[in-house]
Each structure stands twice: as structure tokens, then as C-alpha cells.
Amino acid sequence: MEEPRQKKMAIIASKGTLDMAYPPFILATTAAALGWEVQIFFTFYGLQLLRKSLKRIKISPLANPAMPMPVPMPVLVSSLPGMQSMATSMMKQKIKKHGVASLEDLRTMCLEADVKMIACQMTIDLFEFKKSEFIEGIDYGGAATFLEYAGGADVTLFI
Amino acid sequence: MEEPRQKKMAIIASKGTLDMAYPPFILATTAAALGWEVQIFFTFYGLQLLRKSLKRIKISPLANPAMPMPVPMPVLVSSLPGMQSMATSMMKQKIKKHGVASLEDLRTMCLEADVKMIACQMTIDLFEFKKSEFIEGIDYGGAATFLEYAGGADVTLFI
Amino acid sequence: MEEPRQKKMAIIASKGTLDMAYPPFILATTAAALGWEVQIFFTFYGLQLLRKSLKRIKISPLANPAMPMPVPMPVLVSSLPGMQSMATSMMKQKIKKHGVASLEDLRTMCLEADVKMIACQMTIDLFEFKKSEFIEGIDYGGAATFLEYAGGADVTLFI
């Protein structure tokens, strides 16, 4: 009997908000735990997820009217200075309380599980990032790098 | 001649806004009508789409500068209290006028067409939802549940 | 030796913001350059990307708290009238300065590379668009049109 071929997943991570930072890392670590091969291509705001410090990663309460808040807030209130930090802090407390791993931990788990993480060179040039701002152990490439891998993957997702 | 294998689609529904609530249900009902097998994994804000009441599902006009509005509005005006409800109500009227099915109808059509709908257990724990808040006829699972199905699907989408 | 089958990519473009307008066009032109066959289905706000004039395509700074701004801004300031235009203008200058093609150029490259671009008929009806508002050389269809192609594609992405 032939052994089943290893499954492959190719993810584009394009968002830099706290809520949308989790899906690429959670899907990648879960897939790796199932024995899959995974590549994540970080582009646009998603590049923020490869920075050494993840402190900038924030929730935008305005962009997520569906987020359950402890108290209902009119839209104007949620645009007051400080509300963004408050929502981010509340989310982080929830995540910690419920034993969900932090973004930093999930990212380290990805590296340890040989998830290949590729930073989009075009975005780096566009936003004038320095490579020294990013963590070690990542690769650099363009849309063609992503597509060459994605063309042979079983699951492809744009996050 | 061999009969063609049934096509499969695996969707992650991660958004809870009115506009992004439609794509998973429209794609799922259309695929089911074409004879496909479909699974939708509802996670993060997407979990809102499985609540008994869909009244919370709102448009955020701020998050969508490209939305054609009947009258152009400066950004500050669209952050005034009430604008979010007004935009939501305008969208719902348009949808009704043009004979597009309501979210509730589309969701029922999914259940009737045996679209498998899975609520993300981790999100439920994180936001402290109660299972009694969700509709019946759905399953519960995690990222691994999704990936096991998606690994054999023809179309995989993160919405 | 058998020649490898041509790869296929199916994209749904659902966003109408400047930042999310780039990924479908960049991925499509890159794939076409690699010899792939590509279809893009433009739906919801994504339909804006098929309009003759792309001047309405704007960034929403509020929706992207992770966007690196030259000067940090509290959320309230970024909701002041004019900030949306300023952020859009800054992004356009960066794009020009770094030699990234404009949206218009990328779209023309797609047409020249035989990328099939399909406008969602349901969205056209819903927002009461006129076909004369859209560029020539595109097709019109529904979710079933997209799925029939996507079912045989190697890469499927919802943007």
C-alpha cells in the first residue's frame, strides 16, 4: 500500500490586526502538527507579523462592528483616542485567560515546526522596512515565490 | 465512462459584518446547487453568523470607503452615532428590493442542502459564548477539523 | 516525457480599498507571466476595480491600524475629514516612488495577458451599476460561473 503523500498548505498573510494575525499562525501550527508542509507569504500589513516586536499589532474596534464588546458602544465612542488600545488590551486579557498561546509563542512554534515564512520583498521596499527589523529564520521573495509553491499545494488561503 | 468525482469546497468564515456574511452563504448554496459537497468553518467574528438572531450583523461604513453611498460623506460624518445602523438598514433595503435572499434564508438553505457548518470551539471558549446561543444542526470543532476536510477539497477559501 | 499541465488560478476580488486592490492584480499578472491561466471574479466592493475610473479607490486608515504612518496618529485624528484622502495620496506617492505599477497599468496588463475578468451580475443589480461604467473586455457572470472554473483550479483565493 502506498503511503499517502504529505499534504501542503500555502497561506498569504496580508493583515496586520491582532484578530487577523492569529489565523495564519494557528492554521500553520495545526497543519504542522498534522504532519503537513506549510509556507506563509507575508505581504502588505501582514509583514508586521514578522517584526521582532509584535507590540504594534492592534485591534481596530471600528473595523469590526461584530466584535462582542462587554458594553455596547456607539461608533463615535469607539473612535475616541484610547479605545483602540483598550479593545486590544481586553482581547489580550481574554486570550491569556483562556490559555490561547500568544502571537509570539505561535510564531516561535511555526519556526520550530519548519513552517517556511517568506517576507514580501516588494512590500519591504514600498514601506522602506529594514531587514534588521524582522526576526531571523525567515526567507525573502515575491509573488512568484509564493505561486510556485501554491501551485502544488492542497490548501491555499488568502488571509 | 467514469462518473466525475463530486467536487468539494472548504470555506473559513471569519468575518461578522453584513457584507462579508453573504459570500460564504452564497458560495455554499450555489455549490450545493451544482451538486458539490461543502463545509464551512465559522471562526472569530464569523461565529456571529451561527447565532440564532442575526440582528447584530452590521455594516461598518468606515471600514469600507469603497461602498457606493447615495450621497458622498466625509469620514467624520460616517462615524457619527447612528450612521452604522443607517448604512446597514440601507443595505438591507437594497437587498430586499433586488430579490436577494436574506442571510437567515440563505443559512436555512445551507442546512437543507446538507452544507456542514462547524463552529470553532476555541472562539466559543474565548468569547465565552453559550452553545444555546447558536442555531441547531451545526457541528463543533477546531482548526484540525477544518484542515482534515480542506486537505481533500477542490476549492479552499478564507473569507 | 509529458509536458506539465498548465496551472490555473481562480481569484475572488471582494474588496474596494487601495491596499486590497493590489493583491488580485499583482497575483494575476505574476501568474500570467509564469504561464498560468487566471480568472478573477469581481464581487461586492471588488466591482469598483472594474470601473473605468479608479479614482474612488481609497485607503481607509481607520480600518488598518497596522499601516505604518510617518507620524503616529490617535484614532480620532485619523477620522477627521481629509485624513482618508491624505493617507491615500501618501500611499500613491510611495507606490510611484518605488516603481510599483499603478492599478490602471496592472489592470491593463491583466487584459493583455488574457486574464479573464468577470463582473458579478448580482452585485451590479444590487448596487444599480450601469455596464457602461465598467471597462471593456470583461465578462459578466454569477457565483456558479466562478465555481465552475475554480473547481478545476490549482490555486483558489478569496481576497
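Letters A, B and C mark the chains as written, and numbering starts fresh at 1 in each.
Simple rule for what comes next: contacts are C-beta pairs under 8 Å (C-beta built on N, C-alpha and C of every residue); 3 or more make two chains touch, one makes a residue touch a chain.
Since the model is a prediction, treat every value here as computed from it, not as a measurement.
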item: Copies chain B and chain C - rotation angle from C-alpha fit, nearest 5 degrees; value: 120
item: Proportion of interface numbers common to chain A and chain C (over half same, under half different); value: different
item: Separation of mean Cα positions, chain C and chain A [Å, integer]; value: 21
item: Where chain C touches two or more other chains, by residue; value: 62-63, 79, 156-158
item: Chain B residues touching chain A - in the complex, by the definition given at the top; value: 10, 12, 14-17, 43-45, 48, 56-60, 62-63, 79-84, 122, 125-127, 142-144, 147-148, 150-153, 156-158
item: Contact footprint of chain C on chain B as seen in their complex; value: 7, 9, 19-20, 22-23, 26-27, 30-31, 33-34, 36, 62-68, 74-77, 79, 94-95, 98, 100, 154-159
